Structures are given as structure tokens and as C-alpha cells.
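Chain IDs A, B, C and D follow the sequence of writing; residue 1 opens each chain.
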């Protein structure tokens, strides 16, 4: 009877913990910084990842799917369902994929490809999975979008009520000051699919938090911290050390790098800033609340995000454009994320 | 035993007929001319309609769904499944719906709305239904698209192999000579969602037949024929007579009507031209085979289709742009379509 | 006294003829067909050419100036002042010049370049000359524009009343059916400088006659006629025979030629159609009177002209878009033009 | 003889001063801040204004011309020639004029209009005057452009060598951070005529200094300083006090004012920042040297200027984008400017 009571108590506690946990879906074009952000979510005790949806971007969709599976394997969390999403932007493009993190998106250093990877991807399309999971847990799910916003745009087309069923939305993407990293004025994730970024920022009326390119760059960490981060004694840190082995030199190089020209040197794990905001709101210490819009035309400005602080556009919906970060708290989340799995 | 043999023979024959039937999915923004085209398919002995998918356009998506149900009811074919699709264009728009055929798309004359209509629409989304039905019958299904091409564009995003699983594609839309009916240079269905039209004409590499605005206008019928058509003694004819009662005057009016200015007077049932081409290929007596592309920019030309007869665009895929029609055969298909259901 | 009376009579007649003569300024990007058009004007007894203004287009502006001088020399009319105008389009472009008629615009066959040609060009800029000549002869001057419309656009910017001081304006350029010869949907002269074409068609409210690409192609002459034309025994014919010697083969080739694909074979001297309309209005037997506008945006439609026959644009000004030509009269003007100078 | 020597000495000094003086042409859409900038130039001992060219912008061209005449009259410098330039943007627009400083551009408070003003304007067009004056003083003339850049764009079209004949070019216009004051992302002078701004920044290869909107806003003065400025005992100060009488309240209002939202409160005399840079280079204490380009397309970004600090555009020409100002020196130039004319 005592054993039974103990069990009941345990179950009760478990439920309480589960209830307290934030349900999160991660939509990702899994490159190196996405891997870091996913690990941060996996390590966070208050986060329950209900699914990972994949999208093209840092690599072709096939690579992205495999990268996500690999990150989950490293952290021994293969139970989380992974869904394949769009392999091209909404309106289409010839060569939509970047090789910033190598052809495979994870630094082109991993060799032991899993021949059965396709079987480990759910058969349901990412867009249908997004709709199903969010509909089943209305106002419970936080969506963290780390790549081009194609899957989100498709979700609102297939289910117009999708945005209002979300608890909230965290996006890594866009910019605040007209400075771009992929074209002269546009940030990578938005430039990869400007129409989808436009749709999401016009039609997703749930609470929305934007970690822009400038936000992450202005809150960069030191390269000393990065060394400390990957030298930790855990599989996740070892994995990160391996996948960054080739590109570290490139990332630290100052001459050919826009980040350095505009914002000075430092280690910037873009997607981790959006994820951190979702995991612990107090990591964000300042933000601008205003409507935003994505420019769809132009040779330099296509994909650029503009802030409307003077209500020029007569939009009723405002988003939170993050501006300042508690770098100490953020650093702790990063350190914790690479200590997985607990031995 | 003889009876059994007869039955077997009958079954055999039935199978042969079924096998010979063309499987057709109709994607429609059901206004008056869509209703006419659907009835033409319903009346055709060689056509099996495996589903009707709805899209905004001539009316709001809710009206379109009800209009399709009503047409099927008039023809006593309620068994055909109807699916609800996109209510807005791919990239979004404020007021995407036309009132050319009245607010409800069927002339604003019908009063006995069905309060249970939503239950009669399948719960599956039109885009998922398109993918499922076409995947289950690879290379067997002809898709006839009578409205904005939003559902088709979404289908190829969710299933990149969707186009190659189609038998063929018939589209009412686009133009050949830079003359528009909704803007200065763009045809209604393409102007309603230029991005989707662009996607379909770039990515649907199945055999594609285009009944453009000019094609239908240049092969117009007389108003005398129209009177003969709707005066036939059958529920379908009576229904057509009712729904055209208000707008006939408008359609025949010459001053405010682009069709008359450009092509002269006459009765033009746009969507029926695309459907007729699907039902009986010999209705089309001439066509241009060349690549085409939709212009996405411009104040006058957004949504305009251009023919590339000199291989400027270096596209490998050509479509059939219909130019001449066997008006006699076409008239017979129309007459037959309004004699439903057989008493 | 009798001699004196004769002289008086002669002078009187001369004055009458002069009074009756149409004053014409030719704005040209002098290629082979411009040369033909200029010769047509030189040969016309009712035309007084008060000046020729040059613009880039068929060749670089330096070649254009030399070509005009050469045409005037062949016809022994060196007295007509020639002005140098814009060498680039209004908003600028990298490679604005065509080599359709060879690098020099006159078939790359002429060798005896005049080292003093620059001295024979007036020092006044073409735009200032246009304004001065037209201001001095208000409502007397017909302007015949055979190239990109840059000089005309600049003239209205420097003198907003320039258009209303013109008698009328004849333009070779634009299109009627969305078919282009340089891009998929735009005609050469308009595509070379879409902004200038836009400005002229929006702001030149004088009577305006447009000889479009389709107009000239649809009223093509035979290659037999062309042979007859250049075999005439006169310096002008000999000159035309020389400059067309290289490109005749190319022009008659059917496979790589848009004109043939769209309109069938034949000899088309584009600019001559606009000039003929100015010399003798009865050469034009049919035209559409309506507002027009040039599209400024788009990948295929930039530079395309659209006809607004249904008053979509709410413009008050209409132009004459020529559609049919008295080919016999036109042929006679051509034949006459190459019989110069009279021996 | 002593007198003669004195005279010689005086003449010598005068020559030396004249030689040392910077020759300046001011191109202006004379509103209140242009008036301030012109007065600054008039008061500067090292500046010789060789002409003022007018352009639409803050007011219609007719008002601009009268405003310039009035400023010169207040400062008793009516001898400086004033030229009328373009009244519309290069490519044309329906309503090109702002009423930020009232309909007349000078606060709508002045009543004694001069009925003879048109006679006081030179008959030569501003664009021809620019070309003539600069050609006559090659590499001697600094051009200070305070309005839309239409006259400059027209000048390079009429004389392609115009830019290289300039000593240098100072522009008030454009922006650095994607923030606009007239549209969401574009600054007034550039938004008024994006094509001309584009042309000038692509084709004027002389040393070019840009006082952007953000530069002037970030170096704002206090409203206390403004009171001190206009309370000075001189006709110029009194004039400035009168013309700012109505709009001071508006300018200081915080709620409807973009400047305050983006940069905080303060008095900003935009055009004076460009003029100050010309008068005394040491007023500018920091600038970015890089290529720039103007975006011509887009609903929000048309007219926006982008800085290319990472050589994305492969342009060879860099401009100086001013970033920091010696506010004390600048204040002294302003104070001095309103002490005119010396009694």
C-alpha cells in the first residue's frame, strides 16, 4: 500500500512537471547554430519538444532532416518525432540553399551517414503535423522558427486559424536597421523566402518575438567563451566541437565577414537567441513593440524587414523586436546545452 | 447459371466502361460559368468525377462550397465528394473576391440556403485531398482548374511529385495578347493569384492545356444559342435559367464590357471551354505549343501570361495554348450538359 | 521686266510651297531602317527637315551622329543641322546599345570614316535644339521619333510646355499585343528606355501617332519588292544596297527571327512606317484611338505598351495606334526615297 | 603714391581672398531649413555663391523661386543669380510637393508677395546654368544640393562630363539605417525623386559628402539654442523668427513626429548640416567611406539608400556618409548666419 501511495505521489509530481513544461515545436533548417538551439531546448528542464519540423535553408531538406536526427541521437532523444517540410521557398527559386555551414549544413565533417534515415522521419508532412499538433493543444504550443518561414506560411494557408491556436511564436530572422547578411539589406532566413516571412508577419497575430540579425550580433559572446563551451566533457560538446572544426577559422576571419564590419568581432549563435527567449523570457531585457512588414520588391531590399514605430502602415498587430539580452543568463543556457546527455 | 453468366458479362462491361472513363478532379471557384462546366462534366458519359475541390475567386470560399453542393444536387450527383480549399491567394490579399456573378457567385437569386452545408463538405482539406486522390491513381487523373490556382500551388509545395502524378491538366485562365479583363493586362483567374499561376506554369510539367480569356472570347456563341440552351426542359437548364436571370442583361450590355470592345458580342461560358477540351480533345482544332510564364510585377502587367514562341526563357517545358475550337461540337456538349438529370 | 516678273512669280510659288511644307524634326538612333526613313523624308516634296537630333539605340551616339551625316551626304543635303543628344537612357543602363545592324548601326560595311565628323555636328545639345526650334515655330513642327525617346523626355523636363508647342508627334515604337522583339513582351525602342517612353506617352498631349512593332510587321513588304527597291539607279539606292549587304541574309533567315515566328516572312522597314504616316496621312487606313501606358516594372513586361480601350486608367488623352496601312502608297514612298539625289 | 600703394595692397588682398573663396552653387527646394542653409552660406566669409538653382520639393517650383529671392533680399544679396529648374521628378508624379513647411514652403506667414518675381529669375534654365557655370570653372565649384536631385540628374544627361567638372558635391538626403521620414524607409529628398538620387549616386564620381536624415537627427541642437538663434538682433534672425512662427509648435510636438520617436527631441535644421560640411570640413568629425545605392522598387523601400560596407555591389566609387558633427562649431555657423546683413 505504501508502494502504491509512492507511485501515486510520483505520478502526481510527474503530471505537475509535465503541466508546467512549455510545449515547443521547433521549425528548423538545421545548420550548426540550429543544432545549438535544439540542444538548448533539449537541455532545458521546463521545455517539452513535441516535434521538430524541417525546412530547406542552411542545407537541402534531405540534409536538414538527417541533421536533426543526428542532434537528437547525440542527446539520446530519438523519441521526438521529426517531420519533413518544404524543400523550396513558397514562390519557388532555382538555388534556394546556402552553403554557409558546408553542403550538409553541419560543416561537412560527419561521415557515418545513416542509410535508414528516411524511415526515421515521420510520414506525415511537416505542415500537416504542425496543424495537427497545434490543434490538439490549443494555446499550449510555442513555435520556435529557426529557418525560412515556408512551413508556417503553408500552415496558415491550409488552416487559417493556425496562428490563433499557437501560444506564441519565436522567430530568428529579419533585421532592424536595413543591414543584411545575404543581400545588402536582407537577413538570410527572410531573404530565402520573403513571401513566407511577409505572410507570417501579416497573418500570425499570436504574441510574436523576433530575434533579428542585429539583435544576435549586438549581443555576441567572446571566442574565449566559445572555447570554454565546446571543451566541456559531454557528447553534445564533443559533437559541437567536431561540426565547428572546419568553419571556426572562417567564422573568426574578419575581412570577408559582414558581422565584423557592422558590429565587431565575436561568437554569434544566431538561432540560440530565439530559443533562449522562448526558454526563459527574462533573458530578453529590452525590446521594441511595434508593427513590422517585409518588403517583397527591389534589387537590394527584397526580404528586408521594416519597423513601423510611427504607425505608418495602420496595422493593428505589433510584435516584440528584441533589442537587449542578459548575456550572462544566455551564456549559462549555452553551457548547459552542451552538457548532454547526463551520464 | 445463364443468369449468372449474364451478370458476369454485365459486370465485365461495366468494368470496361469504368476503365475507359477519364478520372477527373475539378478545382473550382464555382460561379455561373463554373456551374456550367461542372454540369458538362457530369453529363459526359466518358467522365468520372472523383472529387471537386473548392477555391476562392468568383465568391468567398464558403459560397463556392455551397454552390458546388447545389450544382451536384440539381444533377442528383450528391455522392461526389466536395473539399474546401484556400480562401485567399498564396501570398495574401485584402479583398480577393470578385462579385462579377453577384456576392454568392451564382447571381444572388437563390434563397433556400442549406443550413447543413458544412456537414456535406469533406473534413479533409482540398490540398490534401488532391494529393491523396492523385497519388492513389497515378497518371490516371485529369485535373481541370477553373479558378485561381492556389490549391494547385499548395499541392506542389506539400508534395513536389504531385504534378508528375497527374495524367494531364486543363486550365481556364491567362491570356495570349496582353489584354486583360480584370486589370489592363491580366485575366481574372491569374490576376487573383499571380504567384500560384506562376508556380503552376513553372512546376507542373504534365501535359497542360490552357483555355485563355482570348480563346474563349474568340470562340463565343450567339445569344440565340444561349436562349435555346436554357429553354431546354430539364432541371439543369431550369437552374441555369434562374441563376443567369439577373446577370444576363449585364452580360449582354455592350458599353461597359471589355469582351465586346476587344472581341465583339456573344455568349462566352469561359470555364466550359477548358472542360470541353478535357472531355473531348477533338473540340480543340488548333493550339500553339510553347513555354509560357506569368509576370509577377508591374502596375498593369502583374498576372499577365506571356507566350515564349522564340525560346527566350530557355524553358524546356511547353504547354498547349488553345487557339481554335470546333464550335459545333462545343455547342452540343453545352446542350447535353443542361439536359440533366435524365428523367 | 518680264524676267523680274518671272522671278517674282517664282518667289511667290516658292513661298507658297514653303508655306505648305510640313516642318519636321527627326529624332533618330540612325540604324539602317532609320536611314531609310530619313531618306523618305528627304525625298518628300512636302517635307522640310528643320533638324535631325541623335540618340543612342541602334548604335552608340557617336556612330549615330556619323550615320546621319553620311545619309545627308549621300542625298546631298548636308545643310540640314544635326544635333547630338543623349547617349544613355534616362535612368541609366550598363549596355544600352544594340548591335542588330552591326556595331556601327549601318551594317559594319562602310570604311571611309570622316575624321572631321564632330565639327559637322552642331555644338548645341539636341534637347536644347528641340526646345529652341519648336518654340520658334509653335504648332508648326511635326516631330518624328525613330529611336528611344530619351531626348523627348529630357525636353519636357527642361521645358514643360514643349509638347503643347508641337504640331504633332509620330513615334516608331511600342507594341499592341504583348509581343516583344527585344524582351519577351517589349519592343526595342521602348525597352531601351522605358521611363522615357512612359513620360512621353503620359505628358505629350499633342496629337500622337504610334507605328508599333506589330503595325510594321503586319504590313510587311515582299523580299522581291526589296530587291526592286535597292536595284534602282541612284546614289541612295546604291548606298542602301551596300549597308544592307551583310545583314540581308540574317534578316531573311527564318529560324532565329521573332518577326517570322509571329507574323510570317517579309521585308519590314520599321521606322519608315512612322515617317510615311507623317509625310502622307492617307498611308494609314485604320487606327485605334485610345489611351496607352508603358509598364515600368517586371522581368518580362518592363517597357511593354498597353492599350486602354476600356478606360481603365482614367486618362483623358488618347493616341492613334496605327493598325492598317495602304501598302501600295507606302511602297511608292519607299521607291521614291531611294531615287535621290535627282541627277 | 602711398594711396596708390594702399590700393594695390588692397586689390592684392581682395584677389587673395577671392582666390581662397570656395565657389558654391546651391541647388535648393527652398523651405525653411533651406533658407537657413542659404543664409549660412551667405554669411560665410570663405564662400562665394555663384548661383542658386531651384527645384520642386518643399513647395511648388514657383514658390521655391520666390523663397530664394526673398532670402537673398533679406540678406541684401540680390545680385546672386537665381535659376528655375525642374518642377517635377525625373520620371514624373502626380503630387510631388510636400507641405511640411506650409504650402509656400516658408511657413505660410509671408504676405507681401513680389509681383515682379518672375523677372528676377534668370531666363536660362537651371540645368543649362549648372552646366555653363561648372564648365566655366572646372574643378572649382562645390555643388550643395538641398532638395530632390532632379536638376543634377538632368545635368549629367545633357552633359555626361558634368560630374567630373565639379570640385565636390554635398547632399542633404538619404538615410543610413533604413528609417524614413516620408515613407517607412525613405528620406524626403530621395523619396521625392528616387531615380534622380539613384543617378547622382551612380554617376557623380566627384568627391561626395552625404548629410543623411539620421546624421542631422543624431546631431540635433536644443530648443533653447533655437530660441537664442532667432532672438538675435538682425534682419535674418527676425525673418527666421517670422517664418518659423507657425510651425515651431508642430516641430516641437512629440507624438506625431518620427524624429522624436527614433532619435529623441531637439531642433534639427536638416539642410544646414550639408552646408556646414561644405563651408568648414572640420565640422564633420566622423564619416563612413563606402559605396551607396538607392533602391528604386518596393512599397516601403523605394527611395531608401543602402550603404555597401562589404563591397556587395562591386562599385568602384565610394562616398563620404557623415556620421558625427562638431556641434559647437556647427552652432557657431548657425548663429553667425542669422546676424545678416551686417549693419
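As a convention for this text, contacts are C-beta pairs under 8 Å (C-beta built on N, C-alpha and C of every residue); 3 or more make two chains touch, one makes a residue touch a chain.
Going by UniProt, the chains are A, B, C, D = Inosine-uridine preferring nucleoside hydrolase-like.
As the structure is a computational prediction, the values presented were derived from the model and not from experiment.
Peer 1: So if I look at the partners of subunit A and the partners of subunit D, which chains show up in both lists?
Peer 2: Shared contacts of subunit A and subunit D: no chain.
Peer 1: Between subunit C and subunit D, what distance separates the C-alpha centroids? Give it in angstrom.
Peer 2: 42
Peer 1: Roughly how far is subunit A from subunit C, going centre to centre by Cα mean, in whole Å?
Peer 2: About 60 Å, centre to centre.
Peer 1: For subunit D, give me the residues that contact two or more of the other chains.
Peer 2: Subunit D, residues with two or more chain partners: 296-297.
Peer 1: Among all the chains shown, which pairs meet the touch rule set out at the top?
Peer 2: After working through each pair, the chains in contact turn out to be A-B, A-D, B-C, C-D.
Peer 1: Using the touch definition up top, name the residues of subunit D that touch subunit A in the complex.
Peer 2: Within the complex, subunit D touches subunit A at residues 175-179, 183-185, 258, 261-262, 293, 295-302, 304, 306-310, 312-313.
Peer 1: Going by the contact rule at the top, pick out the subunit A residues touching subunit B in the complex.
Peer 2: Residue positions touching the partner: 86-88, 90-92, 125, 127-128, 150, 154, 157-160, 195, 198-199, 202-203, 296-297.
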